[in-house]
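These are the structures, in structure tokens.
Each of the two complexes below includes subunit A, the first together with subunit B, the second together with subunit C.
Moving on to the complex of A and B:
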């Protein structure tokens, strides 16, 4: 369980709070997507969840963040990282090794995972990301997308209770992006892992997330189930977020009074609505 | 980008040896080269270096490195040539002369630097840097913090070289001409060190945070998953390098 109580954070060099009076309750196993315009506070929100704020970045921190009942201010960064696995926006800076296998081992070794279990965890995480063949490769020789998959795989291997990912598909093609989200969804539903993912591709969030948060100026603008949030197409557009075309189509049908149901999250749902309207 | 000091996968004998043995042998070879005063000995070490490089399929990289080391050592060699008035005089100088001994001193400088640089560079090319640091922690009981600093330093060399290249390309696209003499290049590159330094500090800070959130401070000597046992080959190689050191001292 993650709980944010009136959290406000202003970077030392900043004039306005980057996160402004945010309160949230995220139950175990929920898949939460966070989106918003650039500078809306998405990354800082993830930093409050993994303890980087306030432990690493100086600034004014107000409110309370509870991760599995532990207050992040009173808990050391190391103890927070036992519960929260993080994937940074800049995956290159996350890498500490020169070879994929060593990169995968780094966290597992540090957290004292049994040596008998380590190989299986590495195999499983690499297979989950579809990069088993990269195990012996040097990181410098990988493409941006491959590095991003390695960054996600190394955190999945740690089996954290909470996964916080900042734009994990920024350098991935559409097929790989869907595959990463499908894996994250599986971790949330089958293992009860709480997943918080910052993502600009709203269609992916609409399809896989249980809940979408839209941030504006460090505050929550919209919070709800994808079908509910995607129903606010105009608000989203005002924030520079383009709804998927399937959602836009169904929204137009709703405005013309041809459909009274909820907004469509996927192409399949839109197809069903169109069939229903045509019938 | 495959870069400087970056591990090249392979299955040669050198690849399979214990990282600690490789590092120790490189250091023994360096000491041997610096203590030796024989041109024949240094030339023989250099030949062995190239044979080892060829066996590891690293001859092109080694020749590239040799070229760079030779260029650097040439400056030192010229100083040695002009400041070692020994042997039969060939050319007179206001402060002495260049003699046959001066030429020998010049050749010694070049051969010595080449012969001692290659083993260390080969060690890095045939060993994953994490294996070096983990083996140092496990076998030599080096604190992990220091080993990690070493690993990060080696890892960041190609990253920073890549960054510098990117900054230079961006400047070239804006009309800066980096072609020309060394002084001109250095003059143009000096201001670029500021953005490079800023991005380096930022990257280093991010890497430190990333390591911390993956349990860096929990690591102990026993944490390393891989084991680094010594094989008979390690003992034989180490003995050979000790013999090389003795030969260097004697010759």
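Moving on to the complex of A and C:
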């Protein structure tokens, strides 16, 4: 369980709080998508979950963040990182090795995972991301998207209770983006892992997340199931979030009085609505 | 005009990033390079600007092999926007950043100063602002502005909208689209199929270093086999249209089966409702 109690954080050089009085309860195993305009506080919210805030970034921190019952202020970054696996927005800042396999081993060895188990963990995580063939490759020779998959795989190998990912598909092709979300969802469902993922591709959140949070100026603007949040197309657009075209099509049909149901999240749902309209 | 003649390139000897690629991009085209990660798209961009030399074959810009052009000569004609603006921005103020290319090329004259002033005004920049204190979207716009201020005839964009929200993304793409309409050639690597459908006129699809398809945007996006091989997903409206047509053979050839954009789809639905033609069985 993740619990945020009236959390406010202002970077030392900032004039306004980047996170502003956020209270939030995320039950174990929930897959939560976070989106919002640039500067809305998405990345900073993830930093409050993985302990970077308040442990690393100087600033004013108020409120309380509880991860699996532990207050992040009273828990060392090392102990937080055993519970919360993080994938940074800039994956290159996360890489420490020159070869993929060494990169995979870094976290496992530092966490003291037994040697008997390490190989299986590496195999499983690489396979989960569909990059088993990259194991021997140098990281410098990988494309941006391949490096992004390595960054996710090395965190999956650590089996964290909570996964926090900041735009993990930013550099991925469409099919790989979908497969990352499908694999994350499957992985999280199997292990009961809580996932908090910042993502601009709202179509992916609409399809895979159990819940979507939309941030504005560091506060929660919308919070609900995907079909509920996507129903606020105008609010989303005003915040720099473009709904999936399936959602927009169905919304236009609704405005013409041709559809009364809930917002469509996917191509399949939009096809069903068009079929109804033309029946 | 940019020509790739049987071009191969590699970062690691045993793993070619581009294999035997040949294509010609005419002046004023808007071409998007798409395909799976590691397919060689960014490598093609670097080859076009001679940031990377081919191991085989030849890249020609306006008929001249890039190997015969100095970086400064090429830079006047071919502007390159990196995916990450922080790899590009190197000055202490917005004005210095915009003047940078002129300065290193020894062209910081009255005309350059005028172009810089016009760019500052057009983008609404604070000329004295420190680039690294700007937000990501504004830094990307600054990086784009610093490329186009020199009025290159060709613009190369490597995933220019990654990490931007939709409004920032539209701002960047509207600038690029405006340049294209005024005659600039645009080569763009992009994974956002909706954005590609909105802006690109031609798609080059790459897989494992090879060009597997090259043609008008919606012809490619409607080619199921190419999309599968290139790890592409058609934009939602195309997918909806294809799904409807696949489920009802009576729709073949109707506007519903051809709709590529939201407006076309709504028009097709209206038409089908009014005429009864294309109504789903």
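By definition in this document, the second predicted complex is superposed on the first by the 279 of 279 C-alpha atoms of A that agree within 3 Å, B and C clash if a C-alpha of one lies under 4 Å from a C-alpha of the other, contacts with A are read in each partner's own complex, and residues count from 1 in each chain.
In this section, a contact is a pair of C-beta atoms (placed from the backbone, for glycine too) under 8 Å apart; a residue touches a chain by one contact, two chains touch by 3 or more.
None of these values were measured; they are calculated from a predicted model.
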Contacts of A:17 with subunit B and subunit C, given as first, second, both or neither: neither
Which of subunit B and subunit C A:249 touches, first, second, both or neither: second
First (subunit B), second (subunit C), both or neither touched by A:39: second
Subunit B versus subunit C as contact partner of A:107, first or second or both or neither: first
First (subunit B), second (subunit C), both or neither touched by A:167: second
Touched partner set for A:274, first subunit B, second subunit C, both or neither: second
Partner chain(s) touched by A:144 [first = subunit B, second = subunit C, both, neither]: second
Of subunit B and subunit C, the chain that contacts the larger number of subunit A residues: C
Partner chain(s) touched by A:240 [first = subunit B, second = subunit C, both, neither]: second
Subunit A residues contacted in one complex by subunit B, in the other by subunit C: 90, 138, 140-141
Residue numbers on subunit A that touch subunit B, as the complex places them: 50-52, 56, 77-78, 80-82, 84, 86, 88, 90, 92-99, 102, 105-112, 115, 118, 136, 138, 140-141, 154, 158
Complex contacts: residues of subunit A adjacent to subunit C: 36-39, 89-90, 137-138, 140-146, 148-149, 167, 170-178, 200, 203, 237, 240-242, 244-246, 248-249, 252-253, 258, 267-268, 270-271, 274-275, 277-279
Contacting residues of subunit B [partner subunit A, same complex]: 1-3, 6-7, 9, 128-131, 148, 151-152, 154-155, 158-159, 203, 206-207, 209-219, 223-226
Complex contacts: residues of subunit C adjacent to subunit A: 11-12, 15, 34-39, 42, 83-84, 135-137, 159, 162-168, 191, 193-194, 231-233, 235-237, 239-240, 243-244, 247, 262, 265-266, 269, 272-273, 278-280
